[in-house]
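Which chain is which? They are A, B, C and D, in the order written, and residues in each are numbered from 1.
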């Protein structure tokens, strides 16, 4: 069978680079196009020197008029607001799109506007599928446009999913999340300099991070009511990894064994979710470099603590995008995603 | 005036070393005795090579029979269960003691027993003063035995103090705390090796850390009822620093400005508590190497998030112990503690 | 074709774990046996929680009497002095062995004795092949016993190879090497605790590290005379990676372009050596997680500086071992080793 | 006695901030003026939030016309090329100046031009004193203009000083130096982002770093001939610290004890140089936060390795500047510099 022709739009950022790293060893695809406006004309190894020696097409400026003729499917690793126009054209031309930006995650254009700005193709919001395979696998199969979830939402939603869809939680939900620095992308910001981050730890955008509405939307779907969700992200002095500590109130008394069985059953067919036996807790180093999401928990009366860990660039971004690709194409879901965590 | 003769018992651990580092520049004291059973006979610079060149007495094994004749006041930087016997002898001999272990923090000997083991001198529990200056300054002045608070409790209690003593909070309190590795002491443990901790992040002792009862005791005093406190500590890949993110439910609606003013007023006379203007949040790197506790917050309806940062070895241990010394001796409270944070 | 039956002896250390991580995705082998005396009876995921979910045989104590019946080929990831006895038995039983310890690297049993202790099977030293593919590929093909090079020697020898084998260097050679902490193995040592290593940097075993004789032996072969080699290892506060800065005196004047062409030609057929264009220098992060060795250089008159970077656990240990496996079996040399560097 | 009125010009960078941190606890000075063009109008705590609570004058734009009336002495923590004009005015007005830039370190204006650009006040180059107290103490006492050494040169020159001034070395000298990230200043550069530096290590400006001519100049003075010096700087994933590994050829055979005694004697009166007993080697963590330079060494035949460690922001910049201030004013040299290393 011929390889699927893949374009990566926005290949010079961290999620773009991670897509290239994963796709290069994917047996069923060929990267035929890499675009990156600011780095156009360069080889990808000039932007990611670790990729030295790869024979890949040069980075080129985005040309929407020819794009659809050259690719079968595109990953968009662009900033939000930039992505939507590209997706629109590709979809119109009958191509399938996996968008890693926030542009198609929120179903409500007004909500998008409040957090990001005006949406130029709100009609696509209805069609797009939120790309969390553990929740929307069957829709992803046939989707033309997959909105790959944010890194924080992935770590929070997977941790709450089994309880939320059984409507076993009530009241205030707290998501205290901690992310490695690559989650902020490759932007040049003073607060992300080594000297500002190393040997340091802090919270940021307390209760007002842009990933909040995305979590609220999906939790509302699951719970049947608007959740009371407090989300506080923190910046970890590590490159990769998100650990979310989730605090919920259970509607009924459940033991740790009860929770363990509930989660084990819910995720029994999931190739990338690992439920930890009671007493064990996840660590970002145990998922680093892999597409796994590890989940552990603790219960005290009706108060539960659920802890999840992912690699923000893989299960939190590019790995999940490849997982969605596999689902869309009917390939085994782990294709190209079999790397075990790199430790130490 | 003659210098106060100080003994540091347990000088080879991190809190012991930090005491030496602080006291050596304290203008009113002289370190006359350093003990460390396992390192006896060595110079302190063999245990802390950075102290090379200091002219200090050699580390010696603990000799309880002569100890009281040689010192005016002792800092005990010993493991819990070891400390109580030493304190007892010193107090009987009329010396004053600042104990950095957990041995005299809990007022209830049965509670101590449940978390640490049998207490051999429960009669001293009544007398000992919990050494949080912001709460017990006047008692500390005249105390013979000060129980220096744990690092996590310091970061949690200072964050909750103004709200708790006004009884403005109700229901579940969540303390999601993150600590640098030095908080675990200088013990040789596989899970504290560089390769296990660097580029990693994890929770531990979820809802069952030994610092919990100490927090509950003090919060109960403030609130007038047993608190519903969930405490989850996490291990940060940094050397020093604790950041605690505290989630509380307010009894009444308060704006961020209300909270700011409440905290500002409560801590207006405190030399080491810095209340951050709304919109700013603390960072461990902004207190590293100093005795400061920085506090910031965010409110959404009646849900408040309070964030505190301390250097766990200073305000969380040895610096607070020196602050207590200053209070006990009637010296200016900042004596020997004027170092600004080391950044970067 | 049936899979090759592989045993990993010493599977609980970092090189053992890394072998498992690489071999699990190797299409031509099956891990049939994992041994680890101290961890016997455990699943590998209890020792490497990141491997959670792998279905691999339990760790078992080493049983030399049955070993040869169960495996086709063994990797020995044992401490030096322990390895030799196991290798001897396997070789006698007609099995092939890739030994990651130092036991078969030195050809001279007396030299081994000076650095490590008495050698119990010196007759095997003649037969063993030093497993640096770039130097001994043809001998490795047919070897029964491959002595996988040390991590530091790999980084130093690959950097000197083109110049040394052309005898273009003279006088003092300086190898100033810096290694991540995983190079020290998984041993519980105070000087490898997070708090001792993070935010710190130091040299150790200056001019007397055990990897010195191994480098001297191979350089002497290349140069035709005993080299004057000064080797100073340093400990980097990172998990993985060795960067070696090599200072040599050239016999003749050469430009950077001359060196570039010499290296480019020498390594043109090598799948894992990447020669950097003049003006570029390697970084450990550009090889992390891959089997690459990157080489850059700078020349000033007849003084050259050559800089190499490898991942110490991959090209410096387990990846090179798998490369040797591929060569021994006649498989494509990159089989199972196609991962690109993980960045950031 | 009245406090000396101090101005810090360029207070928003790392060396400026470190000057403030040190001077605030210096008993004989008062900071009366802080300038920082780009941050003018801000409080220093907006630029260094860790300084929160200090009552210091606001950052102001530099006003050369009034500067001299307001200060007794100025520290210039400006970029090179910017510093010279400010120094010129201050010196003309009879003020004393400690310049932390490179502008007055090189005695030869043409050499300055080659590395930095045209010098606008070459006449001051003759007058300025190179501010390495261990070498120029008596000249510093009466100097009007002190050129504070670079961080790398401090670490290299102190290591070579005793051998060089006795002319005991010959041939190629290699300085393999490794610096923490704060050495690069507070500039916003992609290669200094956390994600680029953490878990990474690399060399840069190999054999062509701007600190080379400064080392060559001072070594030539000591050796009586132009040195053959190869300097390779590397970037360490730490905030603070430089470790330099120096390789020299001895003219005569010397034992480690010989070197030890030579260094011990040479530095016996130096308050900030600590010579380590043979067998011990320095570590950046053993000098972090202090003004110490630690020196250790190893000898093999006539090849010596000398290793030095400093905190680049203290002995390598602002601490040495304060040391120079103390010398210029006839104060005890350790005034304001008594902090012990912060460990861990």
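The rule is simple: a residue touches a chain if its C-beta (ideal position, glycine included) is under 8 Å from a C-beta of that chain, and two chains touch if they have at least 3 such contacts.
Being a predicted model, the structure only gives us computed values, none of them experimental.
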- Task: State the chain with the largest centre-to-centre distance from subunit C, centres being mean CA positions.
- Result: B
- Task: Write down the chain pair in A-C, B-D or C-D that repeats the interface of A-B; the criterion is over half of the contact pairs matching by residue number.
- Result: C-D
- Item | Length of the line joining the C-alpha centres of subunit B and subunit D, rounded to whole Å | 36
- Task: Express in whole angstrom the distance between the two chain centres, defined as the mean CA positions of subunit C and subunit D.
- Result: 40
- Distance from the CA centroid of subunit B to that of subunit C, rounded to the nearest Å? 46
- If you average the CA atoms of subunit A and of subunit D, how many Å lie between those two points? 46
- Message: Two-or-more-chain contact residues of subunit B, please, as numbers and ranges.
- Response: 14, 181-182, 195-196, 198-199, 237-240, 283, 285, 288, 344
- Residues of subunit B touching subunit A in their complex? 172, 174, 176, 178, 195-196, 198-204, 206-207, 228, 230, 232, 234, 236-241, 243, 245, 247, 249, 281-285, 288, 298, 300, 303, 305, 307, 309, 344
- Write out the stretch or stretches of subunit B touching subunit C in their complex. 14, 181-182, 186, 188-190, 192-199, 237-239
- Item | subunit A to subunit C touching residues, read off their complex | 14, 17, 21, 24-25, 48-54, 181-182, 198-199, 239-240, 274, 276, 280, 283, 285-290, 292, 294, 338-344
